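Both complexes below contain chain A, partnered by chain B and then by chain C.
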Partner chain A sequence: MRFTITREKLQEGLSAVGASIPSKTTLPVLANILVETTDKGIRLSGTDLDIAVATEVAADVDSPGGITIPAKKLIEIARELPPNPVKVASSGDQRITLECGRSKFKLLGLPKDEFPAFPAVKFANALRIKSGELQQLISHVAFAVSTEESRPILNGVLWELRADRMRMVATNGHRLAKMELPVNGGGGSQDLIVPPKALEQIRRLFPAEEELEIAKGENHLGFRSPLTSVFTRLIEGPYPNYEQVIPKDNDKVCIADKALLTSAIKRMSVIASDQTHRIKLSFNAGMLKFAVQTPDLGEAQDEIPVRFDGDPIDIGFNASYLLEVLRFIPTDEVKLTLKAPERAATIEPEAWKDPAAFLALVMPLRLVD
Partner chain B sequence: MPRIAVLASAVADQIAAGEVVERPASVVKELVENALDAGASTVEIVVEDGGRTLVRVADDGHGMDREDAPLALARHATSKIRAAGDLVGVASFGFRGEALPAIASVSQLVLETSTGDGEGTRVVASAGTIERVEPAARRRGTTVSVRQLFANAPARLAFLKGSRSEWRAIADVVTTIALGRRDVRIVLSHDGKEALALPPASSLQARIGAVWGGAFAERLLAVEHAHGPTNVRGLVERPADVGTASRRVHLAVNGRAVRDAGLVRAAEAAYRSTIPAGTRPTLFLELTVPPDLVDVNVHPAKAEVRFRDRWPVERTVEEAVRHALGTFEAGAWFAPRPAATPGWAPMPERALLAAAPAAPVPLFDDDAEAAAPGGVATAAAAGAAVPPDAAEELAQRPPAEVLVPPLVQVGRTYLMFERADGLVLIDQHSAHERILYERFLRQLASGHAPSQQLLFPLTVHLGPAEAEAFEQHAALFAQLGYRAEGFGGHTVLVSAVPAPHPRFDAEQCLRDTLAQLTADRFAATPARHERLAATIACKAAVKAGDALSADEMRALYVALATTELPAHDVHGRSTVVHLRWDEIDRRFGRA
Partner chain C sequence: MSDPRRILLADADAFFVAVARLVDPEAAAATRLIVGGRPGSRGVVCSASYETRQFGVRSGMPIARALRLCPDATCVPVPRDACAERSRAIRDVLGRWAPVVRAASIDEWYLDLSGTESLYREPLAETARKIRDAVLEETGLSVSFGGGTNSLIAKLAVEHAKPKPGTGKTGVHVVEPGLELAFMERVALAEIPGIGPTFQRKLADRGLVGAADVWRHDLATLSRWFGERAARWLHDRARGIHDAPVAPREAAKSIGHEDTFPEDLADDAALEVELRRLVERTAASLRADGLVARTVTVKCKDFDFELRTARRTVRTGLESDRAIADVAIALLGRLRAARRVPVRLLGVSLSGLAEGRTGGQLALFAEAQPAEREKDRAVSRAMDAVRTRLGSTAITRGRPVRRGSA
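On to the complex of A and B.
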């Protein structure tokens, strides 16, 4: 194998693949990047066995072939190279030389046969979705997944594909985020549970205007653009019945200024317990009052004007859950609905001129008494 | 013929002897106390055959003259008090004047004594009757030899145990006295062999070291605490050591060794949650109480005392021990490298404890003051470390900022930091367990536990035993934030859970806690709520192997620093281990 590549193309390819390389692994070859020649250049691949990323970059190929190269060292070398063309050659199964201007490196790699095969996913009947739309869903929903290992199903994001819409849902059992977009010409109906790490790669790797091909293998999902592809393991369902917990009868409605609300909650969190972040909200006609009391520390109060319709209510929340949701509200005003101090509250954008629909649920944090 | 007759004095003495002289050990006790009351600086005790054949106590005290010596054997003859009024506030060991006659009435007794000027006196008595009084050569001091104990009291003789066990009792008695009177040289020998040779000691620790070895004494924790007129000092066992050696208890009130179950209970209560249930700590505690608040004239052997108001005394003992346990390593512990950061003085332990939310609130301040008639109380209180007012003021202040040293996690199990005198390792699980335990207890007491409502209720299937355990503790689980309903059979539906920390796994914790409660390892823990708090704390705490972020480590450190007993987890294991530089240097051969 022998090829020449510009420093910039090499760096571009490596930065796309680098994030999929596990930092710790018991399988040595996973710490390497697979480099193969193609018709138009070279393909770089990396995987941690859960997620696999491959990307193609332009290069002048002298002789075809493939080898795996230690990822961390290759990335560090590429970062420090002078701005000259880089000549890469392999000799035998394991030896690589890399020359750039007067710099010369010799590295020990591993044979390409040791690199795990990528999941078999057939793109023949692939769905086609605009990457920007997918990214919109991911960035509004993925934050809500559970990081706790006891319920693996909640560690994934539910992605519902329907003929006329797609929807993502994520929850950790205390709060939930849901977003929906109309789509045209989607094929069939599928429910997929995707690890958020893979979605993060999708969000990062593909330009917004690109159209992605998406196809499901036996237990994997593949995303493909002309140059880059991402494969991920799917989490086995079923996902909990979230529709059932979305309240339909919340009769107390509050419209608040998002910036005012956010800054008041941030002030309250200073005093809220480090562990539970509990703050109390009191909704009254025209006014939303905040209060927090933490033994050993102190207390704080605040209030902001709001539009509120319904009987007054006092309710406690984990402040960090509220702040997280507010970060993703795209409008200047936010609508909260409530029912009772132990029932879920909803948070939505108010007067959003967008075909998408966003809804978050936050379960209250009560004080037992 | 009249049925009632006044007993001859010899018979009366024998009956009295039954109260004071039960066994050779009580003879030793009475004689040694007499010696100490005589101002002796050296007491030598010789015992043969467990005291059956000979008990001899020799001192270098002030002695008696020819006239007093025979009187010493007469009942209620004493030099120590003169009138009933003197009974209040009596400071000498003996004062009833019944010990010597009682002993004499059941033995062959020889008393040799001299005041140091002129000839000495020898008094020989048999079964309570003085046979002769004669001159004798004797240095200043008194020697009492008791032979053939109980020879004329066959009932007593029959109840004596083997000589080994009588000897053990004697050794105990002498040890107890030796702990109290550390200024006196005490030598004890049995059947010709020297068993104890104690030079005068400057401290309780030194005396304990002389009796049981220096290593044992060094591992004890110092107790020093005053509350109102009551002052408690002494040494107690580290919770980590409890149960490793046989337990010893020494209690003294105003210099007098006493037995008092109430005070021992109070001291043990301070250990609660730091040692496994069922194990008892070694305690050496000395109380100073104004003499008019305590009555020592209760028991003929004076082993018991009566407090005018026992509550504040017991509470002070518990507080004292708890402080000692809580501040073990405390002063330096919270302030790494004080030398390098002069602005940060070690936090005064008192302030920290007073600020801790669950620190015992001085409920009884007023009582203690009221019980003490003016003069004594104020005088004693003035000598106390922190006057009650200051303590209250401290309690109201917010907790001081805790300085957190740079922490590293090692082995995903310990937090390590450096301080001036070495390295300190904190066990993350034990530490977190201690933090959560105290928090859960507070929540149970205050009834304010945060409870996170769940979007998807947990359905937990339980075995019969677990379901029963759940039912038994349902109210307490609810107070901790679990909201659960029965769902038919042994299934419970949990709709809200506690939220102690972000990593908390509510379902696993509930299951493990119920399994633990069923297995009943905490069965002996006194109160059900403490047991539940301990179990849940153990199950909810981060585990060894959990990687912690820098912020989590800092939070853990700060929370641990503000607990009541930072150095021990609820099982009595250490949360903190201290590697001293000299130990590390020694390992590297740098010593």
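On to the complex of A and C.
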């Protein structure tokens, strides 16, 4: 194998694949990047066996072939190279030389046959979805996944595909984010539970305007654009029935200025307990009052004007859950609905002119007296 | 300059031995007494009477070895409940004399009597003697006092106070303010808390054995040898300088219990029973302190002394036996899956401690309710209440009894 590539193209390819290389592994070849020649250049591939990324970059190929190269060292070398064309050649199935200007490197790799095969996913009947739409869902929902190991199913994002819409839902059991977009021409109906790490790569790697092909293998999901593909393991199991916990009868409605609300909650959270982040919200006609009281620390109060419709209510929340959700509200005003101090509250954008729909749920914290 | 601080360290004399003698007739009759476990058991010496220590018996030594050194010693198990109860009783007496009392262990307490000069109007040593008499009268236990202007001096001084037979010591040794250096001159570096065997060797390599040996070198030399932080620390400690206050309550970082089995256990079910017992004891200590724990660690020493641990952190603090046992048993399963060999010792420790039930976060999904329900907490508290009144064996869960007694 022998090819010449610009330093920039090499760096571009490596930065796409680098994130899928595990930092620690018991299988030595996983610390390597698979480099193979193609018709138009070279393909770089990396995997940690949960997620696999491959991308093609332009290069002048002199003689075809493939080899795996230690990823960390190759990335470090590429970063330090002078701005000259890079000549890469392999001899035998383990030795690599890399030349750039007057710099010359010899590296020891591993045979390409040792590199694990990518999951078998057939793209024949692939779904076609615009990358930007997927990114919008991912960036509004993925934050809400659970990081606890006790319920693995909640460590994934539920992605519901229907003929006319797609929806993503994530929750840690205490708060939930849900976003939905109308799509047309979608395939059949599928529910997939995708690890957020893979979604983060999707968001990062594909330009917004690109159309992606998406196909499901036995237990894997593949995403493909003309140059880049990402495969991920799917999380198995039934996702909890989240529809059931979305309140339909919340009769107290509050419209608040998002910036005012956010800054008041931030002020309260300074005094809130590091453990629970508990703050108290008291909704009254025209006014939302905040109070926090933490033993051994102190207390604080605040208030902001709001539009509120319903009987007054005192309710406790984890301040960081509220702040997290408010970050993703795309409008200047936010709508909160409530029912009772121990029932879920909803948070939505107010007067959002967008075909998408976003909804977050936050379960309260019990107030202690 | 403000008045020098008045710090005492109260150290109960041969505490476990003394308590065993109060509650165990067999122990009461024995002069040469080892508390820790029965002969033939694989426990370690928890405490030994002064008469046995003359034979070289030390705390932490396996019972079998202690018996080789002192074959006619009487061995009794640790009277755990009685020890906890007497420890509290001593603490209560101390608390009546000193504004600040901090327990350093089950049988050691630091007392800060600063500011009581005009209250007691007598030398610190005199006050210490009165407290010593009061403790003896009310609890039947003898406590030695070391005293000085800081907790380091008090800790070192108590070793000069212990009324070991034949030494003529009276149980109180107070280093008067200004006499710290004269006192430190007699102290070996090995006696200073924080200087362990490794550091001792490094010090000895430089010819430093007594505290006074350190005085001959300036800070720069010490820094070159041991690094800046260790040098500063050593420079001060060797001169008896230690500014840390006696905090009224130093929060525990973890609470744990462990057991060495009489013989190695290979059976998973038997190990689970032992683990549940350990969890019950540990969780009871946790609740007694009004704490909840987020991290559960299970420790397992295999027959070949290989020590392995597994830990898990959950979202909300736990306090009930059942919820903690669930996590601990899963962790034990993980350890056993990795290496299924006979086990010599199991331990459980709880960390990530927080005060009280700070939780209260409600859950969206019924099945996502926290690992612990109010019912679990109520059951545990009810069991605690029964045990407080009737003793630790008065009530236990069904499962360990059924399997354990089989």
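A few comments on the model shown:
Basically, the second predicted complex is superposed on the first by the 366 of 369 C-alpha atoms of A that agree within 3 Å, B and C clash if a C-alpha of one lies under 4 Å from a C-alpha of the other, contacts with A are read in each partner's own complex, and residues count from 1 in each chain.
To be clear about the criterion, a contact is a pair of C-beta atoms (placed from the backbone, for glycine too) under 8 Å apart; a residue touches a chain by one contact, two chains touch by 3 or more.
Being a predicted model, the structure only gives us computed values, none of them experimental.
For the composite obtained by overlaying on chain A, chain B and chain C cannot both be accommodated without a clash. By the touch criterion defined above, A:124 reaches neither chain B nor chain C. By the touch criterion defined above, A:240 lies against chain B and chain C together after alignment on the C-alpha atoms of chain A. Once the two complexes are overlaid on the shared chain, A:173 sits against chain B and chain C alike. Look at A:364: by the touch rule set out above, it reaches both chain B and chain C. Of the two partner chains placed by the overlay, neither chain B nor chain C lies in contact with A:351. Shared-chain residue A:148: touches chain B and chain C both. Only one of the stretches 236-244, 290-298 or 398-406 belonging to chain B overlaps chain C in the superposed arrangement, and that stretch is 236-244. The interface of chain A with chain B overlaps its interface with chain C at residues 148, 150, 171, 173-176, 240, 242, 245, 273, 275-276, 278, 316, 318, 342, 344, 361, 363-368. Only residues 312, 314-315, 317, 354, 358-365, 367-368, 371 of chain C touch chain A when the two sit together in their complex.
In the complex of the two chains, the chain A residues touching chain C come out as 148-151, 154, 171, 173-176, 240-242, 245, 273, 275-276, 278, 316, 318, 342, 344, 361, 363-368. By the touch rule above, chain B contacts chain A in their complex via residues 355, 357, 398-399, 442-443, 447-456, 478-481, 496, 499-503, 505, 507-508, 555, 562. Listed in rising order, the residues of chain A touching chain B in the complex are 148, 150, 171, 173-176, 240, 242, 245, 273-276, 278, 295-298, 316, 318, 342-344, 361, 363-369.
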